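First chain A sits with chain B, and in the next complex the same chain sits with chain C.
Moving on to the complex of A and B:
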C-alpha cells in the first residue's frame, strides 16, 4: 500500500502541491487535472525524482527514503517525455533498462518476449526505434515500465500524442496488465481513464479535490446536467448564460449538453459524466 | 512576533511502525566496497559495451606509448609519445562528455534515475574500474622503468601523473556535475589546476628522480585514488540509501 501522507511540495516561494493525502492500494488510479496542476510533480515524488518539502511517502508504512533502492526496484515509471536511444531496437532497449533494474539475464530472456507480445511489438523487436511511430514508442515505454513486474506503475501522460486508435489499444493493454499492482495514470484526457480507472484523483488549487470512484464523483453534478436543442439564433445568448460542456451541429441549430443549477424549459436532464465534472471543476482553467 | 509553532511529534502508531521496520525489515547497511562489488557483479560487465570504445582506444594508446617510448623513458618523450600522453585524458574526457550528451539528447536521464541501479551509480562503477586500470598501468610503468631501464626523468613522471590526475579529477568532476555538487567540482578542478601550475613553475626537464621520489609520486597517486574512490562511493551510497534526488 502506498501512502502519501500530508505532502507539500514547494519550489522556493512557489507551492506546487499542498497537503496531499492519498492511500493507494492495488488498482488503477486516474490522476486528472489540467496542465500545470501538479500531476507531474506528484508523480516525480512517488518515483523518487524529487522529495516532498513537507510530509512523507510511505510504502507499506515505511518511508520510501528509508527503503532507498529497494523501493525503486518496486517502481515502474513512464515519464511524460519518454526518452529512448534511437539506435536501439526494442529488445536491446528493454535489456538495457532491465539491467539497470537489476533483473538477471535469465529473467530478462523470459520477460522481454512476453512483454513485447503484450504490447504488440514482438514482430518489430529487431527494428531500430528511430523508425517507430509515436504510438509504438509509447508502447516500448509501457513495456519498460512493466519490466520486473513492479508493484507500482506510474505513467505520466501516457496517451499524449497518440491517435484515437492507439489510445484505445493503450487502454486495453493497461486493463490487462493492471492486476495486483498500483497503477497511477496522469492525464488531462478524461476518456482515457474514465472506463479503466477504479478511482479518479482530481487536483485543484494545489490540493486534492476528489479521490473517489467515477460514479461517486459524478454524483456531485446530479440533477445539473441537461441536453437540449438550441436554434442557431439563440445560441450566443444561451452560451453566455450556461456552461456548455459539449455541442453537436444539427440542421438549424445545435444539440447542446450544458450544466445549470436553474431549470431550463425544454431541457432534458441527463446522467452526469466524468467529463462534465472535469469541465465544471476546471471551468476557469479551461476558459483561460 | 511570529508564534513558535509546536514540534510535530510522531504518533504512537508511527513510532511502532518505525521500530518494527528497524528491527525486522531494515537490512544491514552495505559497506562501500560491498556496494561497489554488487554494482559491478549485477551490472558492470553487462553494460560495459557502452563504454567499450573508451577502454579500447585508451588501451591502444597506452600500448603504443609503452612500445614507442620504453627504450627512451629515462631521457625524454618523443613528440609522438607526448601527444598520446596529453591525448589519452582528453580522449577519456571527450568520451565521457559524449556519453552524457547522448543521454541528454535521448532524454533517458529521468527514467534511468528511477531504476534499481541508477545511471549515476553505473557510471560511477565504470569510472572506478577505468581509473583503477589507469592507476595499475601507471604504477607498472613506473616500476618497469625503474627496474628495467634507468630512472625516468622528472618531466616524464610529471606528465604521466598529470594525465592520471586529470583522469581522476575529470571523472569526479563529471559525476559531481551529474550530481550537482558544485563545491566538489570546484575543489577537484582546483587540485588539477594547482598541480599543473606547480609543475609549470618547476620547469625542469633534465632533473632525474631518485627511487624515493618515485615512491612518493606513486603514493600520491594512490592517495588521490583512494580519495576519489571514497567520494564516488559516498555518492553511490547516498543514491542506494534513497538519500539522493535527481531533481533536488
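Moving on to the complex of A and C:
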C-alpha cells in the first residue's frame, strides 16, 4: 500500500501541491487535472525524483526515502517527456534500463521479447530508435516502465502520441496489469481511463478535489447535465449563458451538451460523465 | 554495479568523437616522432650497428671530437694517442680504414668526453645554481628565501649523485637532446591529449542522461542517482585506458625504436644527460626505465584527479560542453595565477603546486632543477593537495546532486 501522508511541495515561495493525502492499493488510479495543476510534481515525488517539502510518502508504512533502492525496485515510471538513446535499438535500451533496475540477464532475456511483443515492437527490435516515430518511442517508454513487473506503475500521459488502436491496446495491457499492482496514470484523455480506472484523483487549487470512483464523482453533477438542439442564431447567446461541454454540428444548428443548475426548456437531462465533471470543475482554468 | 559500469563504458565506446580524438592524438604524436630530425638520423645510424658494440652516434660527438681534455690515461698507439694518430693521418690526407682502430678511437673519444662532462658536472656549485634560478625568475624576499631553503637537501642529493650515478655510462645513442624530446615534448603531448579526452568523456558521460532526457527514467530506477557513481568508475576506466594506450603507443614506440637495452638500465642522472643549460638530475636514483615508469605513474594520477574534478563539475552543470570548458578554464587559471602574484611573496612558489604545473612540466618531474620549485617532494605534495581539494569538491558536488529535486529541463 502506498500512502501519501499530508504532503506539500513548495519551490521557494511557490506552492505546487498542498496537504495531499492519498492511500493507494492495487488498482488503476486516474490522475486528472489541467496542465500545471501538480500532477507531474506528485508523480515525481512518488518515484523519488523530488522530495516533499512537508509530509512523507510511505510504502507499507515505511518512508520511501528510508527504503531507497528497495522501494525504487518496485517502481516503473514513464515520464511525460520520455527521452531515449538515438543510437540504441529498443532491445539495447530495455537491456540498459533493465540493468539499472537490477534485473538479471536471464530474466531480461525472457522479459524483453515479451514486452516488445506486448507493445508491438518485436519486429523492429533491432532498429535504431532514431528511426522511430513518436508513437513507437512512447511504446518503448511503456515497455521500459513494465520491466521487472513493478508493484507500482506511474505513467505520466502514457497515451500521448498513440493512435486509437494503440490506445486501445494500451488500455488492455493496463487492465491485465492492474490486478496485482498500483497503477497511477495521468492523462488529459478522459476516455482512456474512464473505463478502466478504479478511482479518479482530481487535483484543484493544489489540493485533492476528488479521490473516488467514477460513478461517485459523476454523482456531483446529477441533474445538471443536459442535451438539446440549439439553432445557429441562438448559439452565441446560449454559449454565453451556459457551460457547454461538447457540441456536434447539425443542419441549422448544434446538438449541445451543457451543464446548468437551472432547467432549460426543451433540454433533456442526461447522466453525467467524467468529462462533464472535469470540464465543470476546471472551467476557470480552461477559460484561462 | 559492475554490469552498470560495463553499460556506461559501452556508451563511451560507441561515441565516434572518442575515436576521432584518440586517432588525432596518435597521428600528432607520430608526426612528432617523424619530424624529430635528430632522432631520425640517429636511428639510421643506430640500425647499422649491433649491440653490444658501443658506438657514438650523437651529433654532439662530432663537436666534442675537437676537445682535447682527457681525464683518463689515453689509449696509445706507440708514442702517440689514438686521437693524435687519427689527426696525423687526416693531416696527411690519409684515411684510416682499420675497423678495429676506428672502433677503439670512437670508444676513446667517447670515454674522454664522458669524463670531461662528468668533471664539469661535479664542479657545479649548488648554491650558485640556486642563485642563478632566483635571478632568472627575478625572485626577491620571501620567494627567494623559500627556494634557498632547499639548498641543504640539494647539496646532499648532489654529492650522492656525483659519487654514484653521474659516473655511469651507457650505449650513447639515446639521451642527448632526447630527454626533452621524450620526457618533455612527447610525454607532455601524451598527457595533454589524455587530459583533454578525459575531460570530454567524463563530462559527456556524467551529463548523458540530462542531455538525452532520460534522467527521470534513470534516476527513478533501482540504482537511482548512484548511477553517477557507475559513471565515475566508467570514466576512470576509460580515461586510464586511454592514457595507457596513448602512453604505450607513443612513448612505447619511441623507446622501442630509438633506445637500446643498455640505456634502459642506465641512470637518468648520468653525466650524459645534458641538453645545453639543462641539467637532468633526478632527486632519486632512477634508471631510464624506472623514470619512464614514474612518468607513467604520475601521469595516471593526474588523469584520475582530472576525472574526479570533471565528474564533480558535471554534477553541477549537466551540460557536456559547459562542464568541459569549466574544467579547462580551471586548469588554465591555476596555471596563470602565479603570474599575478608578487615575486617577493612565498605565495608565488606555493601557487605553482598545481596540476597545471605538473601537466606542463613533464620533463622536470622529480628533477632537481625545475624552476620555481626546487622542492624534492613537489610532485607528491601537489598530487596530495590536489586530491584533497578535488575530494572536497567531489563530496559537496555529490551531496548537492543527491539532494537536488530532479526535473527535466525543457
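Please note the rule applied: the second predicted complex is superposed on the first by the 286 of 288 C-alpha atoms of A that agree within 3 Å, B and C clash if a C-alpha of one lies under 4 Å from a C-alpha of the other, contacts with A are read in each partner's own complex, and residues count from 1 in each chain.
Going forward, contacts are C-beta pairs under 8 Å (C-beta built on N, C-alpha and C of every residue); 3 or more make two chains touch, one makes a residue touch a chain.
Please read these numbers as outputs of a predicted model, since none were measured by experiment.
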Inset, instruction - Overlay done on chain A, so just call it for chain B and chain C: clash or fit. - result: clash
Inset, instruction - Determine, under the contact definition given at the top, whether A:176 touches first (chain B), second (chain C), both, or neither. - result: neither
Inset, instruction - Go through the superposed model and pick first if A:85 touches only chain B, second if only chain C, both, or neither. - result: both
Inset, instruction - Check the residue A:62 against both partner chains and state whether it touches chain B (first), chain C (second), both, or neither. - result: first
Inset, instruction - Name the contact category of A:102: first (chain B only), second (chain C only), both, or neither. - result: both
Inset, instruction - State the stretch of chain C that overlaps chain B in the combined model; pick it from 3-11, 57-65, 147-155 or 165-173. - result: 3-11
Inset, instruction - Could you list which residues of chain A make contact with chain B in one structure and with chain C in the other? - result: 44, 47-51, 68-69, 72-73, 75, 77, 79, 81-86, 96-97, 99-102, 105, 144
Legend entry - For the chain A and chain B complex, residues of the former touching the latter: 44, 47-51, 61-62, 64-73, 75, 77, 79, 81-86, 96-97, 99-102, 105, 144, 148
Inset, instruction - Under the touch definition given earlier, write down the residues of chain A that touch chain C in their complex. - result: 11, 44, 47-51, 68-69, 72-73, 75, 77-79, 81-87, 96-97, 99-102, 105, 141, 144
Legend entry - chain A contact footprint on chain C (complex, rising order): 3-4, 7, 11, 14, 209, 212-224, 226-227, 403, 405-408, 410
Inset, instruction - Please name which positions on chain B make contact with chain A in the complex. - result: 17, 21, 25-27, 42-43, 46-47, 102, 106-119, 122, 239-243, 245-248
